[in-house]
Every structure is written in C-alpha cells, then in structure tokens.
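Heads up, the next two complexes both have subunit A, just with different partners, subunit B and then subunit C.
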Partner chain A sequence: MKDMDTHMTDETLLNIDALSLEFRTNRGQVKALRDISFPVKKGRILGIVGESGSGKSTVLWSILGLLAGNAKVTAGRVDYGDRDLLTLDAEALRALRGEEVSVVFQDPMTSQIPVLPYARQMSDILYRRAMSEADKRAAAVDMLRRVGIPDPESRVDAYPHQFSGGMRQRAGIAMSMLTGPNLLLADEPTTALDVTMEAQMIGLMRGLRDDFDTTIVVVSHNLGLIAEMCDDVVVMYAGEVVETGEVHDIFHNARHPYTRALLECDPARIADVSRKLPVIPGDIPDLTKPLAGCIFASRCQKAMPACATKAPPLVERGTGVARCHLLEGPLADASWPPPASVSTVARDDGAAAPLPANAGEPLLEVRDLNVQFRTMGALKARIRGVARPFVDAVLDVSLDIRPGETLALVGESGSGKTTLGRTILNLQAAAGGSVRFDGTEIGNMAERRFKPLRRDMAMMFQDPTGSLSPRKSVRALITEPLLIHGAEGRDLDAEAERLADMVRLPRGFLSRYPHELSGGQARRVGVARALALNPRLIVADEPTAGLDVSVQGEILNLMADLQAEHGLSYLIITHNLPVVRHIADRIAIMYLGRIVEDGPAAEVFANPAHPYTRALVEGVPQPDPDRRRPPSAAIEGEVPSLLRRPKGCDFATRCPLARDACRPAKPEHRHITPDRRHACLFPLTDTQDNKNKTETP
Partner chain B sequence: MSALPSDPARSATAPEAQDGEARESAGRERREKLMRFLTDWQAVTGLVLVVLFFASALFAPWIAPYDPNAMDIPARMSGPTWAHIAGTDQLGRDTFSRILHGGRVALYIAAIGVSASLSIGLVLGMIAGYGPRWLDNLLLLAFDAVRSFPAVILALATVALTGPSLTVVLAIVILTTIPSYGRVARTATLALRHTEFILAERSLGASTPRILFQHIMPNVIGPLLILAAMEVPVVVSIEAGLSFLGIGVLPPQASWGTILNEGYLVIRDAPWMVVAGGIPLILTTLGFTFLGEALRDIFDPRMGRGR
Partner chain C sequence: MIIYLMKRLGLAAIVVMAVLLLLFSMLHMIPGNPAILALGTRATPEAIAEYTARMHLDEPVLTQFVYFLGSALQGDLGQDVFSNRAVVDIIGERIGFSLALICTGMGWAVLLGVPLGCLAAVRPGSWVDRVTGVFSVGMIAVPSFLVSIWALLLFSLELRWLPAIGAGEPGDFADQLSHLVLPAFAIGLGWVGYLARMVRASMLEVMGEPYIRSARAFGLTPRRVVLGYALRVAILPTITLIGMGFGGLISSAVFAEIIFARPGVGKMIFDAVSDRNFPIVQGGVLVATGFYILVVLMSDLLIAWLDPRVRSSL
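This part shows the complex of A and B:
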C-alpha cells in the first residue's frame, strides 16, 4: 500500500491539449469536442462529469484512438509521456492499449466474450508476456481474488453468463488491471449496477488505485460517484470543458454557473424535502450550427447579453480553471459565486401540491399477492421429480394506496417491483392473493371485463422511447388511448393539442416520430398517454430512468403538478432513493419479491427499521466529497437468484446483523405504528422506539 | 480483453443529444438511400427490367402487332422476319404478340398470387408469433407440411381432381408461397412481442387485432415486401412450369409456359420459339431478383450476406 502522499504528486501522466473533434453525420458536421484541455495527474482519480451530449465519453475514446469511423480530430494533442497518442500508428496504439492504458466498460455483459471462460479471456490479455500458461492462469486467479471474486481458483473457469452482474463487473475490472496498466479508463463503470453494488465498486477501484498506483479516469453522469471516488473533476457541457478543479473545490466552491446548476439539481444534495425539484431550463445547443460566445449562455440564469456573442475568458482559480464572464474581465460580478445556501437555478415553488387528506378508503388495496414464474414445463418437472417448478417473483405483498397519495416501491433489480406493478395492472397473472381497486376485486380479471378499468389505471414504462410504438407519430400515440376507449364525437386534433399543452410538449412535436425525440420529450409523451383518459392511479416504472439530472426535475415537477391538479395517485417503482425522498408520501422497500419495510417516507428515511433499508439509504453515494463513507459501509454480496431464495429471512445471507434465529423461517410483518410495518426479527428501531415511548407517553 | 476495441456504435452515439433537426435528417437519409439505389447498376437494371415487364404486360393489346390467337396459316413456322420479329408457331400465330399477352398471364398470377400469399402469410405469421404457444406450434407444423410438399406434385394432384385452369395455378401458387412469408412474419413478431411498447399498448387496453395491425404490422411488413419482390420470379416460373406441363393455362390462351411447350414440340424445325419464349422468363427473373436484392441491401444491410 502506498501512502497518501503519492496521490498528491503534480506529475502529469496524460495531458489533453486543445483537442477538437467533429462527427460527420447526415445533419452536417457535429462539433462534438471543442478546445478540450486538461491534465491527468499521475496516481490520481480524475472524473469527467457531464450530461448526455456533453462529449465526455468521446474524450475517453479519443485517448484510446477508438473513435467511430465518422469522427475526425481537427486540432489538438493527447500527450502521454513524450508521445502524442493522436499521431501514433495503429500498431503503436495497439501496443499501448492493454499494456499501459486499459478500459473498464459500462456494460460487462456486452464487453466480455460470451463463449470463452475467464481463464482463457484473461490469459489472452497476457499474450505479449513470455509466461507459461500455468503462470498466466495463476495471475488471473490472483487478480480475480484481488477484486473480490470468491473462490477464484474454480471461478476462473466460469463463463460470463455464469456470473451475476456485480461479479461480471468485478471480473471486467480484474481483466483491465491484469497487465498492470498505468492508466485505467472507466466509462460509467457502475451505471449498469445496483446501489449496493455501486458502493462496492467505488471502494474496489479506489483500493486498486492505492495498491497498484494506477491513474484512473472515470466518466460518469453520477455526481455521487464522482464525489465519492475522484480526486480531480472535469465538468463538461456540450463538448466543452467549463470547469476543472479538485473535487472539494468543485463540490463546495463551484465557479461556473453550469457546475453550480448541475449540483443544485441533484436531488441527493437538496436537504429540504420538497415536491418541486430545481431544473435547468432549455436544451443543449445544436452543435451543427455555428457557435459563438458562451456555450451555456442560452440556459444560464446569470446570462448577460454579451455572453451570447463574446467567448468567456479562461480563468485560473485555486485548483483548476473555469470559463465564465462572471469571474474575470469587464463583466465580472464580485458577488458571484453566491454562498451555497443561495439557489441559482429556476425553482418553481408555486402551488406545492396541497395534498388531499390521506384519510378515506384506499383506492388500491393489495393483499397477500403472489406471482410465480414457471422454471420448467409440467412434464419436465414430473420427470425430474421437481415438486414445485416455480419461483416466487412476488411473495405475500400487501400494500394500500389512498387517493392523491404517492407510494414509492423501492428495490434493486430482481426485487420483483416491476412484476408487482404489472400484476396490479393485470398484465401478468397472479398466483394468489387479491387486488382491489376502488373496492372491486380486479385480480386476474378477464381482459374484456378489465378494459373499462384501464381508463382509471394507467402505466408509464421504464424506457421512455422504447415504450412508444416506433412507426406512429406523437399525435397518433397520445390520442390512441381515446380511440381505444371510444372517442366518438371528440375532436382528436384538439385533444392531441390539449394533452401536449398539459405535459408542456410544444405542439410542433405532434408530427414527430419517437426516434426524433430526446429522452425527456419521449417521457412527456408517455405521461400524456397515461393521462389521456383522466386516470385515478398511475403506475410509473422508473419515471426518471435514462434522463439527465437537469431533465428529471422537469418530469417529476410535471407529475407533481398533475397530481395536485387531478388528485392522482401514483405508484412509483424505482431504485432511485434520492428522488423518492422528494416525491413519495410513503415508501415500501422490496427485497426478493417481499416487502421488508413500509411506512411514511420521511420516517423510513430518518429511522430505518430493516437492515436492508438502512443499507439502501446509506448505500447511495453522497454528492459531497466530505461525506465519503469508509469502504466497509457497503453491504456485502449481491441479491441472490430467485432460484436460491433463502429459507428464512431473505436478507439473512447479506445482513450484517443476521443471527441464527433469522434463518429457519420467514419473519412475519409487524407493525411499529399503524402505518409502519417491517419484516425483521431484530429491527433497528427497537431501541429508538423505547426511547420514543418514554419521551411521549 | 478490456483493451480490445469497443462497440464503435457507442462512440458514434456521442452527439445524439442534439436531435433538433431530426425531421430534416430523416429526409436526408431517405435521399441518401435513393442515391445509393440509383448508383447501384444491379438495382437500376432490375428496376428497368421490372418496369419493362409491367409496361409490356399492361399495354400488350396496344403494343402487340397481331391478335395473339389470329392464325395466319400461310406464314406458319416462319422464322424471325420483319413482319414477325419472333417468328410464328405451327398455326401461324405471331410469337411476339403471344409473348406480350403471355406476360399478362404472368403479371396476373404474380400480382394476385404474391399479394394474396403475402397478406395471408403476414396474418398467419403474426398470429403464430403473438398468439398462444399451441397455436404457434400448429401453424408452424402447417407451414412445414406445405413446404415439404413439391409444388408440381401438388398441382398434378389437384388438376387430376379439378381439371386444368388458371384458378388452380393461382391457388397452388398462393398455397405454396404462404410459408415463406409466414415464417418471416412470425420471427419478427416474436421479437416484438415482449417489447415495452407492446406492453404499453396492452396496458392501455388495446385489443389484440389493434396491437397486431396497428403496432406490429408496420414493423414487420418491411422485410416481407422485399421478400415479395424476390418471390415474383418464383411465382412466374411456377406458372410457366405448370403451363408447360399442360396443367395450367388452357389453349389457345397464350402464356410463357405454353409457348415453351409448343415450341418444344417443334424444336428441331423452329428453335426460335423456345428461345423467344425463354427470354422474357429469364429477364423477369433477373429483374425481380436484382431489384429485391438491392432493396434488401438498402433497407437492411445486415441481411446482405449469407443467404
């Protein structure tokens, strides 16, 4: 282990200097990168943060010379030692990649060879080394052990599909570290992983940096990851570097209005719980057009007329640079940047949803709902003597949603939350239990009888674009619910315009097709479709998935406004806890198909009863470098497969507090207060509960 | 392996956020496709031949110098002359006129046969792909059963029962080509079946016919149309083959098959009849094959190889 001083070195390993790059597309030349300059210091972790379209990944690929065929570097250099990587020939680049520079990809499923075992893939990486096969295998085993793969001697012979998502990403990191590279490039290394896995990966990569003295460049849109992992940060916007600096400087003393806005938009950084989230209005500029002045001017709250025409100065500051008129020159503003408590982005606080009283009959009542998936055919099960050829995707779930209420269903992938949502909407057959909507039993109802109910219950799907029929115009898409449920006598064009206005989608978009929409616009179309029939309940599956931080606020604000206006109830299915805190009245935590805890959102966050809830709440990387957790804070292991559901408490295999009593049988749900339940034999709240009792008798 | 080149598409998607002029780009893409089509000599040859086929068949009564059934006994078995550019047959009928009119039969069979089998195959394929498992298995069995049966034997058996007629030819053509469309449509439907947008339609309460015809069909029909272009020559040659065997078009009606048949009888004395009857068959086959392949390459470059 090297001591911390090595990370403070000023030696530059890689220097990107005035890099400009264009993509040749149907729409003309896209000026994807313009005058990118920043150093990567040896032994440190540099984070490149930006929203989609900022060019952050393009920078990464240009370092490696792995750009798409339509890309052309128009200016600049990438100096690695005494070589300019942009001028190296293919052979020299190949020698560099893998040996000195290597990559961790976003999706380990698609970046590993499915037909070769890890032993083979990893010894292939060492093809330049004069080592025996046995030594190569030993090196692979060592590295797998180092990244935390249990039992590496036998696991090294596994194929990628035999690993779970988290293990696959660990193996991906092991492969990239195998040659002992000087520089490790990581492209959104945790985006495909769950929260608890993300915390583990951050700890792992920081540990590897310390052990192997590797310099790491990580690209991410996730401010929490950047704050927790990086030493230096580069903020990119629309193909330009707007600000650089050490991580503390960026997060506590941001100078550029965009950095500042980005930080203020992150729900995890907003301390007060509010229904309305701040947003950066507007869209990223069109990079095929001639650009002048400050690239962020069109969306900047502090923009002055000169910003649109005059290029901002590059201002040196403590640990980096920022590019803004406010900091230096004739337009400098001494009062900028304001203290952290002052909000610099648009935040409409108006009409913060006076919620209807939560009393009254529940709109949706789910009792002991079970959903099973078949694992094999009936005949095969008979032959193999399997008594129960099913897995329980949803197990004994009970929940209520009252009118005008938002219930968030939170869980990691594989928790059965999406299955539960689909079962409630009768898109998936239930194996037992009851679903009552407005007092009527609707579970497993025949589609013909269920159809009228679909007016009252709508669903928003996870993939904003993929959930829209690709060959239909937006107009056809948002009027379709009306057509399905009988639109006699309605003026469909007028309805389409009314719905577009309602979700704040410009009317000109009505004649577009889904592939011509951005994620946020497609999401609006999804909201409009869900709202077309004035439903009473909307089941929203990951409503912010695939949206940038600055856009997700717009969608959530829209949903909150519509809730206030129409008295909607929401069932929001998500893994995104920081967002949940702001939008949910109550939350239910799911693990392996079972609800382990539910209750009022504020209480559950402040005072989790189930160890899993605590792990989730604490597992979210905080976008604040001063609140980094020790690597030990992450819970161990991964969500087990449904096929290997533990007999007792489902969480017992990973629970740091598990005792023998947890293992023989599933804990019953117990109430703490009438609307707060958990399924843990030794809840964390016991001690606090007793305290509460003595304080308020 | 982490040092190997990544999926290049990822870097290509970097500037995806700015889709402000997406409309315009769609238009440009279409223009680009058209340009690619027009610069491909196979595509242009195919198009010219296909247009020639349609025009000659449609306007045959006006182009043809003679009535195809008018007999001119003194001029029988004439070789190619200025009066009869493709010669005459043993009854003195003008072969060129008969070829033009025979093209009408070919077009009739091709148009009706291909469109009918395309529609039926599309519907059955979508039902197989979207419906319950047992129905899928049943339809697949039916497709395989039809496919395994030689068209000519099936035709001979049918004609033995009903007697030769154009309707029988048409029915045989439709029946035997349904499975190719059905299988393509089924595979494409299966891939769409579990996509989110289909689930979204179900969650809105859309009926199965609505899902099939409004949402699945537009996404499935593209490859079928290309397949149809390539099936036309198959259909035309089935008709010609059956007519050649005398179980298709009845005399005296002209068809490319009957011209070949009659020419075959007198091949020693008048070889030009077989030649003249064969040329349009070859040209049509070439034309549609070129056109179909060019369309396929343009709309789905991935399918370009290995077929």
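This part shows the complex of A and C:
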C-alpha cells in the first residue's frame, strides 16, 4: 500500500486510443480488438487481465509493432510521447524497441535463442551503444547480478539450456532491463514458473521499477500476480476493455459483472473450503461473427434482454471506466454491485457428498518406493570413476489412497511428482519398494500381467491437446481405451455418447477434432478417456494447468461429481495450491523426490509443519492488493538439481530455519498424529513435547 | 566430449573394418581362383604361385583375412595387376583430382544454395523463392551424369568455352582450374536447388520461433536477425544433410570423371573394373568409403561445435 503512493503520477507515458484490429484467417476476419482505449501512467505498473483469447497479448504486440503478418489495424492510435506508434516507420520503430520499450516473454525456454551465450545475446541488445565489447560484457554482468543470478562473471557465458527455469526468466528480465527502458512490457512473465519462482519474479520486477523508474505493463490471467504487482488494472474480455481502474478499486469495488465473476471464480479468494467451485459457464464468443450489444451478454448472470442488442455505455468511475448497462442509463440497477458477500456467479450447489474419513482399507498402498534414472552411460561412469551413475528421482516414498479419496501430490517442478505417478501406473520401472493395488502387489509387474489392471487405474495427462492425437475425432479418442482393452460386443457409438454425457460434452462434439476444441473441452475429452474403462483410481497430472480460473472450476466440479457418483479415488499431481485446498482430502508435499509432509489437507494448510510446506502455502500471491507480502517473504533459491542432492535434509539449502543439526543425515519421517507425518527436525507444528525445541531457533 | 570423440572414432573404425571384410569376401566369393582374379588372366603360373604364397591363399580363410587386414592397416593395398606398382601410390597420384572436384562441386553449391534459401525464406513468394522452387524440383529429377553430358556438349563442344577432357597441364594452375569448372558445375548443380529448399524450409521454421520475435523485439536489425540468429540455428540440419550428401556426390563424381576423362579415383575405379584389375578396385572403394566416413564425422563434430545443446549432451 505504501509504495503505491510514491508512484502516484498522472503523467501519461503511453495512450492507447480506440484501437481496433483484425486477423485475416481462413475462418474469416477475427475481430480480435475492438475499440480498446486506456492510458499507461508513467512510473506505474499496469496489469491487463482476462481469460485467454481476450486479446491481451495482441495489445502488447501492437504497441511494439510486432503483430503477426495477418493482422491489420483497422482504427485507433497508440501514442507514445508525441508519436503514434502505429504510423511510425519501420526504422523509427526499431530504434525504439529494446532501447525505450522492452519486453519480458512468457516462456523463457523458447524465447531465448539456444545457440548463443547470454554474453552475446546481451551485447547484441546493446549494439546501438558506443561501448567497447568489454564494457558491454561488464554491463551484462552487472544486470545479471542485479536480477539475482549468482556468480554472474562466469554465468554470463552460459547458454539458456544451462539455466533452470527460474534463472532463465531472471536472465530474460535482465536482457529486457539492460538498456534501462522507459516502458517494459511483460507477457505472462510467470506462467511457466512455479509459485516460489513467481513470487521471486514479482518482487524482482517491482524492485526494478523502483530502481530504474520504468513503467511496466504486465499481461496475466493470474489474479494473484495482478493484485500483488500492479497499481492499475485493465480488464479485457473477448477483445474489449470492460473495466479499468486502480488496483484496489478493481479488487474491492468491481463494477463490471465480468470482473466480479472473474474474481469470484478464483479459488484463492474463496475462504471456506468447498468441493464445488464457481464458474462462468460458456465460452468466449466467436469473434468472426458480427457482434452486437454487450460482448459478455451470452455468459452474464445479470444479462437483460436489451443487453444482446444495445451496446452498453462507458461509465466513468472513481479511477477508471466500466462498460455495462447496469451502471448508467435506463437499465441502471441501483442495487448493483452487491456487497462482496453476495455471490454473483453460477454455483453448482448439488454439492458432491463429502466422503467419510478412513473409508475402509487403502485402495493403493505405496511403501518405500524408489525410482532411479541413469545420468551417464556405464562406460562414462567407469572412466570418470562415478560409483552411482544415477539419481534418485523418487526416494523412499510411502503413501496410501483409500477408496473415494483424493490425494494431492504437491511440489515445485522437478520434485518427482510425475515420475511417482507414472511409477504407480507401472509406466516407469521402480528401483525398489512396493506398490499394492487393492491388496495385490503390482510394482514392476510385467506389462502382460498388468494389462487387465490398466482398466482399474487410468491416467489423465497434462497438456490435453498435446496428448490427443490430432487426426482422430473425439469419438475415436474417447473410445480408444475400449478398443485397446478389447471391448468386444460393445456398441462403441453408444459408449461414446455415454462418456460424452458423463463429462457433459455435447454429443455434437463427438465428430470434432482436437484443434476444434477449447482448452476446457479438450480437458473434458481427457477426463472421458480416463473414465472409459470405469477405473477405480485416476492419476491426474496437472488437470487444470493452463486453464483460466473460470473454466478450471468446471473441470474440477466435474471430477468431484464423478467421484461422488462412482466412488473414484484420485491422485492429483499439481502445483496449484489454492485449488488443492478445495478438492483434496489429503495432501502430500514432495521435495526432491521425497515426501516431506503429508496429512489431511485442511490441517496441513492451516498448520504447516515443514518449512517447505509453509513456503509453498505462503508462496501463492494473494488475489487481494491489501494482502501483499513483503518482497522478502518468498523463499529464496530454487530446487537443486538431483545431481546435487544435499547430504542431510534435502531442503537445508533453502530452509530459513536450517541449522547445523540438519546437515549430517536425512530427517526421518515422524508422526504428529497417526494421520500426519513430516520429515523435519525442527517442525513448525508438532506434538507437545517437541514444542519447546521449535520455539528456540 | 573426448568420450564422444572416442566413440565416434571407434564407430568409424568398425565401419572401415566392415568395408574391408566386404571387399575381402568379394574377392573370395567370386567363383574362380582369387589369385587369377587378383593378378588377371594373363598371369604366369609363377606369378600365381608367388601371389598365392604372399597372400597366404593356401591357408584358412580366417588367417587370410587377418593377413589382409594387417597389410591394409599398414597402408599396403596390394599391387596394380598390370604395372605392379603399389595401389597406394597410384591412388595418391589421383586423389587430388577427385578431392578438388568433390569439394569444388559441393563448395559452389553451398555458396549459392544457402544464400538463395535464405532469400527465399525471408521473402516467400518472391521470384527467388519461385525460381529456386522450380529449379530444385527440376534438378532432383535429372541425374548428374546427364548434366555432365549436356554441359560437355554445350560448353565445350558447341560453344568451346571450356576444355572437354582431362584435368589440365600439371603445374599450370589456370589450366587445371578451367578443366575443373565443367565437372564441378555438373555435380553441384542439383545441390544448389536442393540446399536452397532445405535452408528455406529450415529457415521458415526457425523464423516462426519465439526467440526470433524476441530478437526483433529488442530492435536488432533485420539483417542481424536473419543472419546472426535465424540462420545460425537453421543451418544445423543443413550441415548434417551436406555431410550425408557427400555419399551421393562421390558417385556423381565418378560419372563426371568418366565423362570428362578426368584422371581421378573414380575414373581409376571404373577403368579397373573393366580391366578386372581387382586390387585397384579394392583400394579405390576403400579410399572412397574412408573419405565418406571422415566427412560425416566432421559434420557431426561441426554440429557439436555450433550447437551448445548437442555439446553439453555429449
């Protein structure tokens, strides 16, 4: 709150005025931006938020003049100082890029050229400066140090693939800040990163804004990031600006029904734990069709008949504008917006029945499971004298899942979650330990013997469109598991319809192909495939990664309903903690292949015992600008490489509570209650007799 | 890196062995007395007896192979049936002509094809793009020996611009060069269009990558973006292709040497085959294979040097 005031200025650095833009496609003209206007005030951080496909990135790229070849600006101006960037000639625009206006990209893996070292990439950016190569290198080193790359003098010669994800994004930020630009554009700068990295990036970018007095425009669909980082917010929907305002106004006093719905859908803002999440039903309208009235009308809970035909007025409000009939004119509604306690979105209240705790014997029992990956060939290991040429991707993991229970496996990327899931499903060989399913030992079972069990255990893959074969129709895709497992005598068409109904996919979609599906629909196909053989356990790898909050709820609600109906057990692999809080019965936190804490989800969230759990729980940026964390709250560093597993406690390199006693040996798992374990010598919550120890750090 | 190099060299050695084994068994599988095969039908009984003893032809086949391998590894590839000169010496005299031809052929194709491919990629649909497109399709369909014959007929016999036959006077560099032009033109021509298309396809793919957009977003000049960034990545698959392409180029060179009566290794092999001069054939094939293996190895090393991702995975 404090730092906000120091950046209060009214000087406009960039002004977007009535910008309209179309993409020429074989489906027709996509009216991707329509009449976009908003100012970017100097020295402030402006966030553009909205569902995917709302045109956020297109706005950014049009500022830089780097739109795709099929884009055509049909109206408007983008004024920077006294120049309109849309009519600037190519040379003048290029002079601006990288020097005055710079960019941080979404995915640092693909946006940095793999074959040039950072030193070269960064000195290339400085090509307009009359500096010696040595000075350019020194400038690059300084900036890498500023963004927190350790040992920058030597790391400047590294190539992107030699950096971890978080370091790569730091380097990406260093590249964009190298010239000290006036305006920094950031397109989903943390979407590819873990929460802990995200918190670090937010702190870093805010710090850079203060040091360099750079104005930042950040695009994100992550409300937490927007609340924590931005001063001003622009809400976009389907190519239009529906609301703008100062961040507190947007988050506490939203005027537009879409803004309001978006906020209410965010699981991180829903205080009471509920299995069913609110959703914004429907999809973004087809932008190739003629558009009339309010763009949000087809999904708005408050829509009135006139909304479909009559364009809503643009209403000035304290710190911005909003575009809705409810706010002004003959259709104005004095009771809108209702107080925050009143829900304005679709809530599916046919609540899935909560399951009785400890319902029977475990369906899945994993004991001391180990998985190893070779790091080098036998020959190389012999020559180098490496005794153990492999790493422990999964180390002594034990867990239980009871029938009808949801266990969430949480941890940063690289913590071994997916490997553990694959090993349970016998898609990856175990190096030791046991996996029992319904009482039968299945670990490392030969595929021929395991095949009948595949009906009982299904996998839902991450990245649905990537894992769906593009040449198969939805019908073929969802009946494929039936064919593989010999569905003689079954009527496949009837099965396809049954499955489509189960996942609430309209039957008309059965003849479509994956590229014709939206993200949420593709996820439904993934769920249908997993369900095809009536499994008892589903391993879901990041079931909602990359989905907008408004769609995420639909998938999770569907999964909850199916669980209540069929008594399914879920192993959900995710790093999305706000979601976990609502859907998981139990939660297991993984770090470097080990489970560092597990227990009932509510207890673990309320009272983390392991410092890593606390770091994760607190690492999620809160979608509330009044609950910003100090920049120091983020835990430092990154998950070390498995090749450099610390000798003692795996977390010791990053743990704020680490002390000498943590380093000689790995802490054993200890029970707090019969249902709750952790692996920390100095836990934050513990049985009474250990309390004294923890309170004297 | 060193382990990788050792592995690759080991692999190359195995391939050379395999070729030696193949050549060896060819000599023994062809019906008839290998001594007569090796020495020719006009050989005297004494010569045959001497050869049989020297090559240990009366001993078990395996022993023979060991002897054969031993002498081959010491650089002894036998003697010319007619002149009794060492095969190695004969190849040594001729290899320069072949290397000059192959390298010039590929060299001009690369120097022209790669820039054309870049131009075509930067401006899809432009005349450069269309011409290289048509040209490459046309050239893939025409074998290089036909190009050689046409070139010979047109430029030397019809227009008399360039000499038709031989490799030029020894010591006269200009003359040698003028003799090189037509055959090198003929064997490289098909590659120009092919390389241009390869580079174009690879460039188009790379130009769509996010890191190219980054480079443009940082305001780098279009020239730098294309040559310093896009081509730097797009050239990698082309290098592999060129390395492998040398195999085809060697066989084109054989035809070109025959047609232009160029005294290289290819012509030597051809003549030796018609004379049933087996040691020469053997030596020639071995040298050609060795050269091919070397080129592929070099192209892989070049990639490892240019692509840090490959380098660190070694």
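The criterion applied here is as follows: the second predicted complex is superposed on the first by the 675 of 697 C-alpha atoms of A that agree within 3 Å, B and C clash if a C-alpha of one lies under 4 Å from a C-alpha of the other, contacts with A are read in each partner's own complex, and residues count from 1 in each chain.
Throughout what follows, contacts are C-beta pairs under 8 Å (C-beta built on N, C-alpha and C of every residue); 3 or more make two chains touch, one makes a residue touch a chain.
Fair warning: this is a prediction, and the values are worked out from it, not measured in the lab.
Touch criterion met: A:286 reaches subunit B, while subunit C stays clear of it. Once the two complexes are overlaid on the shared chain, A:55 sits against subunit B while remaining clear of subunit C.
Applying the stated contact rule after C-alpha superposition, one finds that A:125 touches each of subunit B and subunit C.
In the superposed model, A:103 makes contact with both subunit B and subunit C.
Applying the stated contact rule after C-alpha superposition, one finds that A:383 touches subunit C and leaves subunit B untouched.
By the touch criterion stated above, A:459 is placed in contact with subunit B alone, subunit C being left untouched. In the superposition on chain A, A:25 makes contact with subunit B only, not with subunit C.
In the superposition on chain A, A:66 makes contact with both subunit B and subunit C. By the touch criterion stated above, A:111 is placed in contact with subunit B and with subunit C alike. Comparing subunit C and subunit B on the residues of subunit A they touch gives the larger count to B. Overlap of the subunit B and subunit C interfaces on subunit A: residues 66, 97-99, 102-103, 105, 110-113, 124-125, 175-176.
Subunit A contributes residues 64, 66, 94-99, 102-103, 105, 107, 110-117, 124-125, 127-128, 159, 161-162, 175-176, 379-380, 383 to its touches with subunit C in the complex.
Those residues of subunit B whose C-beta lies close enough to touch subunit A in the complex are 1-12, 14-26, 28-29, 32, 195-197, 199-207, 210, 214-215, 218-219.
Contacts from subunit C toward subunit A in the complex involve residues 3, 209-221, 224, 228-229, 232-233, 236, 306-309, 312. On the side of subunit A, the complex with subunit B involves touching residues 23, 25-27, 30, 32, 51-53, 55, 57-58, 61, 66-71, 97-99, 101-105, 110-113, 121-122, 124-125, 172, 175-176, 179, 283-288, 422, 425, 427, 450-451, 454-455, 458-459, 461-463, 466-472, 480-481, 484-485, 512-513, 515-518, 526, 529.
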